[in-house]
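Listed after this line are the structures, all set down as structure tokens.
Common to both upcoming complexes is subunit A, partnered first by subunit B, then by subunit C.
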Partner chain A sequence: MSYLFQYLPPFAADYSGVASALHDLGGLVVIHDASGCTGSFTGYDEPRWFSGKSSVYCSGLREIDAIMGNDSRLLDNIRSIIEKKQFNFVAVVGSPVPMLVGFDFDGFARISEEEFGIPVFGFPTTGLARYEQGMSAAFLALARRFVGEPEEKRKGANILGASPLDNFDGDTLMRLREFLAENGLPVVSVWGQGDEWESMPKASSASINLVVSAAALPLAEYMKNRWAIPYVAGLPLGEETARELKSQIKQGGGGAVARSGAISETDKSARVFLIGEQLRMNAFRSELLFRYPSLDAVAGSFFAWNASLSSDGDCFIENESALIRCLEEGNFDVVVGDPLLRELMPGGLAGRFVEEPHYGLSARLYREHSLSRRFCSASFMDGIAALALGAPAPGGERAAA
Partner chain B sequence: MHTAPVRFLSDFACQTMLIGEGDPDCLLGNDASSSCLHYCAPTHGGWGVIRTALLVPEMYMLFVCPEACGRHGAIAAYEHGGKDRVGYLCLEEDEIAMGRYEQGIREAVPGLFKSLKRRPRAFLIVVSCIDDLMGTDYDEMISGFEAEFGIPFRIGHMNPISLDGKLPPGKRIQRDMYDFIEAPEGRDDSVCLVGAFQPIAKEAEIRELLRANGMYSLLHISECASFDEYQRLGRARLNLVVRPEGMDAAKNLREKFGTPFLFAPVAFSESTIAKRYDEISRFFGANMANNMANDAVNSRRQAEKRVLEAAGGKTIAIDNTATCSPFDLARALIEAGFNVSEIFTQKFPVFDRPSYGWLAENAPGIRVTSPIHHSNSWLRPDTPTADIAIGFTAAYLTNAPCVVPVAFDEGMYGHHGMVMLLDSLELALQGRIPGSLEQMVRDYGLVV
Partner chain C sequence: MNPENNCHIPSPGKFPPHAFRTGEGAISSSAEKTPRKIAVYGKGGIGKSTTVSNLSAALARRGLRVLQIGCDPKADSTKTLTNGKPVPSVLDVLRDKKKGALRLEDFVFEGYHGIFCVEAGGPQPGIGCAGRAIITAFNQLEELGAYEKLKPDIVLFDVLGDVVCGGFAMPMRYGYADEVAIVSSGEMMALYAAHNIVQALESFSSRGYARLAGIIQNSRSIVNEDALVRQAAEELKTRVIGIIPRSGLVQEAENLGKTVVECFPDSPQAALYAGLSRFFYPDLLKKGLDC
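And then the complex of A and B:
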């Protein structure tokens, strides 16, 4: 059944997730749409677009093509560009109209690959799903097609899921690299942004995967099943999360860093609702409860959700009205989330709202926000706690934008 | 007997050509656009459906579409301060497959009326590309809503899939937004500006010309503070269409209320402006326009002389986001002694073709480049290929160090419009326009 967004913007779509995951890999990415879908990705969901030279294009789909099934125009136009420039692969990415007319992405990819002689992917994205689903599909397609068999001696780590749509940028990646280096793990490959095409086939030679967003969990599971690479999922944002991850890496991975409130109902002093990407919110919770054990904290997300990484009270939030219900029923003292969520806060909660921008939600509106600001940022946790416990917030970093 | 040669798709779609040598069909127009993958520069966009339609005061828009289709407009609505007037009814796959999302609309609209802080005076339900292929009939639903809520409802379209059709989204949304105008009870001494996104500058000589013909107000929709004020647009004696996006709105108003319209698109060269003013004068049965514009011409020539001294022989690139008449702007600049080197456009409107012809004859070395051609993604230069760029896309694709941030002819018309552009060029040359191109684009808030 259709659902309403009265206060929030619709979220980044599945095709943006695919295009984002492939952005830095030297492929020819064609969003099969009229104009708006590609424009949504390049203009709103992709912070790298302004300074980049990536080849993401719009197919320029028109009504007559859709009605007549004129797929040869798309094939011709791809051919004309491939004749001029070398690409590592071609990806044809779906949008609502191809879904409606039943465009055969697999068939088109097969025919194209035969004709062009380079790998061609067809992603039947629809614009009805959200970015993390597209991202997961792209990661899996790349792994299945391009990652080779491991070398005999495994070494280092892959970083899985470092997408700009989850506010990962160069500074954040540097923090992650530093953390892995401190643990004796050179980075083998990065999935999500900024990696060389050449490093991807070597990903199976890593000894462990660090999963930094829930969208990359299917990839981690695939690599675990296929090449027996264990994984840890989380973000080393501070002392506690770094310690937990380090411990799990030492144990050879295989777990998550979600942490329960772990105190009885009667003892809890205040309740915090952390809304955003699941692994980021889990890391916030760990750091928050480490510093303020009397707090209760639950996480929720509109996006990729993995039950095994959730704690009691955590929830997947389907849409805007589901969040409104959560907020009405949750008895929260403080809410952390994207600034656009502030308008949904009932009663006094608007004054006890801590901003944590999420690109997949608010796109370019808060583009300056870097997740790197949350590393070793005790003041951010202190600000949340101060609001929750009724004390004035200590200056610091409570407003992120 | 000669027969026209058969042309294949591969015959179209070059990226660039010299204006004096190339075949414009290879570069400009729908055939050329359809024969290449489209590059989408970060400067792509404009006013978009939402920002344009929100010019109608006190109107609420409900988009009915897949979630993805609403994203860019919603983010833009935040940027332009209108998100509280826009909602999204996001469709699920089964509703689309079965063609039964009308029920969702029937439930959503009454809910919105309960929760909106301000009751709207007009309501636009906007459907997307998929609706073009489904052919939903909304008439009964709309009538029902109008009876229930006592305000006008309309169906709008955000359907870029029809971009090469007779009624692309940019024109269609203007037709739909002016369709809320009710039958006027009479006429007043006003002219309504249609197609322009902003009013023409107060100092523009067109206002004097109209006053001389008894037209004391040049109305623009953005100056209407309320839905009641907006209704005053219907009393205009003439709809003056200054950008092509307004054509179907004007035709619709002529059909409904008999309001005449005149298509006199923004121009820059003295001869084209004179032609426009002749047409306007003829409408009023007068023949005085160009005498009246003498002062404006003198001001313009002074500005040209002053700015030319500063610009010297620097190369200038122009794009079709700056103006709907890039060829005429190029002509105007060349006639004034400037050095225009490149024009970025994929369009070839009939009204700008005479200036294209003039340029082909008088400045054949100007490059014409399609901003949507796929090769732009890797050919974009690291070192500038023009000294000055007029328009954001020209700035991006040439990497020009001096950017003149004019867009969509805003405020510009006639000789005064040329002076506005030259003033902006002078500021840019003096380094007095702050910020990087990225910052300028961000501040402008282009809408896809």
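And then the complex of A and C:
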């Protein structure tokens, strides 16, 4: 029963992660389901669905086809679509029913590729895993299949994992591009959103990777092992994070680097719990502690988690009850997280909860929040400090000192 | 021994006028009664379909209305009741026809002595979901009112092998079979499968599943076979319902696409099936008396 969620809705699932990762790449994405999973992706999980162009289809799986293992209907449906329009690839994405009947995704991809003459991927997603797991699988599949060997002279950087499900929007992407340009790194490719299909094969020619969400770490590791491309993991959302990342880039990128607190635990005056995507919360912590050094901040996430990127006290949140336990025992003064988490706050913390929507958790319920403009802004951090410390110093503690 | 010359030749797909009962003027005294429902399980290849089909034939010869439902994707349970001719399964029909256009006659076929033959059917080996196929076939039979329209006195479910998943447990669930009979020889693997089936029944006992009727010994002529099966039955806290010796007549009849009961009705083997039929449907019950 530990996975029973009483307060939170189901999170965006793995099939949505795959479809989202492939969204801008000109492929035909077919979610193999009756319609509900495709509906979740198009109606809730993918913010670009209503504004962008992407070919995501539902296979219209019927009970009798699932039972009888009738794959030819799916093959016929795909054929009828690709006869009318050109696609760079086809991706067949799984859902719970194909999982239960043991649909052979690899085998199906092989026979359809032979028949259609374009690359076909089979993703055995189940709907039981979280979106970032699907995203990681899609990134890896693309890299293994389409990224060619590097050019002799390596130059620039790839941005890995800039998914809208992890709140990356146009403004944030612009900031990332600016940051790389400031460091003499033209962008080679962006993984997660906003890039052309043609950029993907060139990704191995980058001299460094900037990993901006934990979901892209497996891809960064793969590129490091395969083409010896080093990576730095972090988000240059403010002055401090930009400085940290710049220093890491100068050192040639050593992979994941955990950030330790500037002053000792005992000197901390108030404790903040940051709940959200791991790298985003790490970045926010860096900025917050730079501005308010007397604060203590720990990060937690329901989603992709990498121990090497965590600091003392950080935690992967396994389920809803684990979060409730953590909130009760954590002795926090302020909690920052998706508005839906407010329901879980114990009495004393309910009034000390700061909303920071996470698209992968609450989908478009709070899409009117302009995340990039607000998040990491001075006023946002001052608001948190005000709740945690009482009256904050104008411009932060550091400025006051 | 010669096969009976005037074997009934069934016409799959065609119902004679008397096939559906209206309730009014029904000939059986058990018209208002719910049918007895028996599910037969056992290790693959142990002779379940042979046993069930001969049992159906023996029951039918006693004037009972029998419905035999094969629960195996191979859809060959009722083959010896239809002159060896395969009949379309429920899943075959479902695949090819629109759901709203389905009729009971599409997959209920009258076989030897008016036995209603149904094959649940399912996917080819290695694909799809055979367990779910059984659930879907059962739902379809219910949706079309099979039990109400056919008004069988007894229903026999011939279930593939072991209780490997929820679908194959369907016949033993509440509302389906009242009793489970296990076909087993004295061979170790057959008795092991029997043990698994009993375990499934025990673990579901609180859900109102079928009760265990006992073991039908389908002999393989191994040494000390009767004692081995009897001992296994004792360990499983059940009984041996009947012992069917190995007989060449079974193969001879099956080669002709028939049961022993149909082909060699006067043989001792047919008499054994007749005896077994009385265990599952005693004469007293046939006369409308509780027993």
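By definition in this document, the second predicted complex is superposed on the first by the 376 of 401 C-alpha atoms of A that agree within 3 Å, B and C clash if a C-alpha of one lies under 4 Å from a C-alpha of the other, contacts with A are read in each partner's own complex, and residues count from 1 in each chain.
Note that contacts are C-beta pairs under 8 Å (C-beta built on N, C-alpha and C of every residue); 3 or more make two chains touch, one makes a residue touch a chain.
Computed from a predicted model, the values in this text were never measured in an experiment.
**Student:** Since both structures carry subunit A, what do subunit B and subunit C do when superposed there: clash or fit?
**Tutor:** fit
**Student:** Which partner does A:Met68 contact after superposing on A: first (subunit B), second (subunit C), both, neither?
**Tutor:** Touch status of A:Met68: second partner only.
**Student:** Give me the angle at the C-alpha centre of subunit A between the C-alpha centres of subunit B and subunit C, rounded to the nearest 10 degrees.
**Tutor:** The angle comes out at 50 degrees.
**Student:** Between subunit B and subunit C, which one contacts more residues of subunit A in the superposed model?
**Tutor:** Larger number of subunit A residues touched: B.
**Student:** Classify the contacts of A:Ile78 with the two partner chains as first (subunit B alone), second (subunit C alone), both, or neither.
**Tutor:** first
**Student:** Check the residue A:Val90 against both partner chains and state whether it touches subunit B (first), subunit C (second), both, or neither.
**Tutor:** The answer is neither, since A:Val90 touches no partner chain.
**Student:** So in the superposed three-chain picture, is A:Leu327 touching just subunit B, just subunit C, both, or none of them (first/second/both/neither)?
**Tutor:** neither
**Student:** Taking the superposition as given, does A:Gly60 touch the first partner, subunit B, the second, subunit C, both, or neither?
**Tutor:** Once the two structures are laid over each other on A, A:Gly60 reaches subunit B alone.
**Student:** Looking at the overlay, does A:Leu4 come into contact with subunit B only (first), subunit C only (second), both, or neither?
**Tutor:** In the superposition, A:Leu4 touches subunit B alone.
**Student:** Going by the contact rule set out at the top, does A:Ser40 touch subunit B (first), subunit C (second), both, or neither?
**Tutor:** first
**Student:** So in the superposed three-chain picture, is A:Ala388 touching just subunit B, just subunit C, both, or none of them (first/second/both/neither)?
**Tutor:** In the superposed model, A:Ala388 contacts neither subunit B nor subunit C.
**Student:** For A:Val101, select first, second, both or neither according to whether it touches subunit B, subunit C, the two together, or no partner.
**Tutor:** both
**Student:** Nearest CA pair across subunit B and subunit C in the overlay: distance in Å?
**Tutor:** So the smallest C-alpha to C-alpha spacing between these two chains is 5 Å.
**Student:** Quick check on my understanding: which residues of subunit A belong to both its subunit B contact set and its subunit C contact set?
**Tutor:** 63, 66-67, 100-101
**Student:** Which residues of subunit B touch subunit A once you look at their complex with the stated criterion?
**Tutor:** Subunit B reaches subunit A through residues 9-10, 13, 33-40, 42, 44-45, 64-72, 74-75, 77-79, 83, 87-93, 95-96, 101, 104, 108, 111-112, 115, 128-130, 132-134, 158-165, 374-375, 377-378, 380, 438, 441-442, 446, 448.
**Student:** So in the complex, the part of subunit A that touches subunit C is made up of which residues?
**Tutor:** 63-64, 66-71, 100-102, 104
**Student:** Once bound in the complex, which stretches of subunit A touch subunit B?
**Tutor:** 1-16, 30, 33-40, 42-45, 49-50, 53-63, 66-67, 73, 76-78, 80-81, 84-85, 95-97, 99-101, 126-128, 130, 319, 340, 362-365
**Student:** For the complex, which residues does subunit C have touching subunit A?
**Tutor:** Result: residues 91, 94-95, 122-124, 126-129, 132-133, 136 of subunit C touch subunit A.
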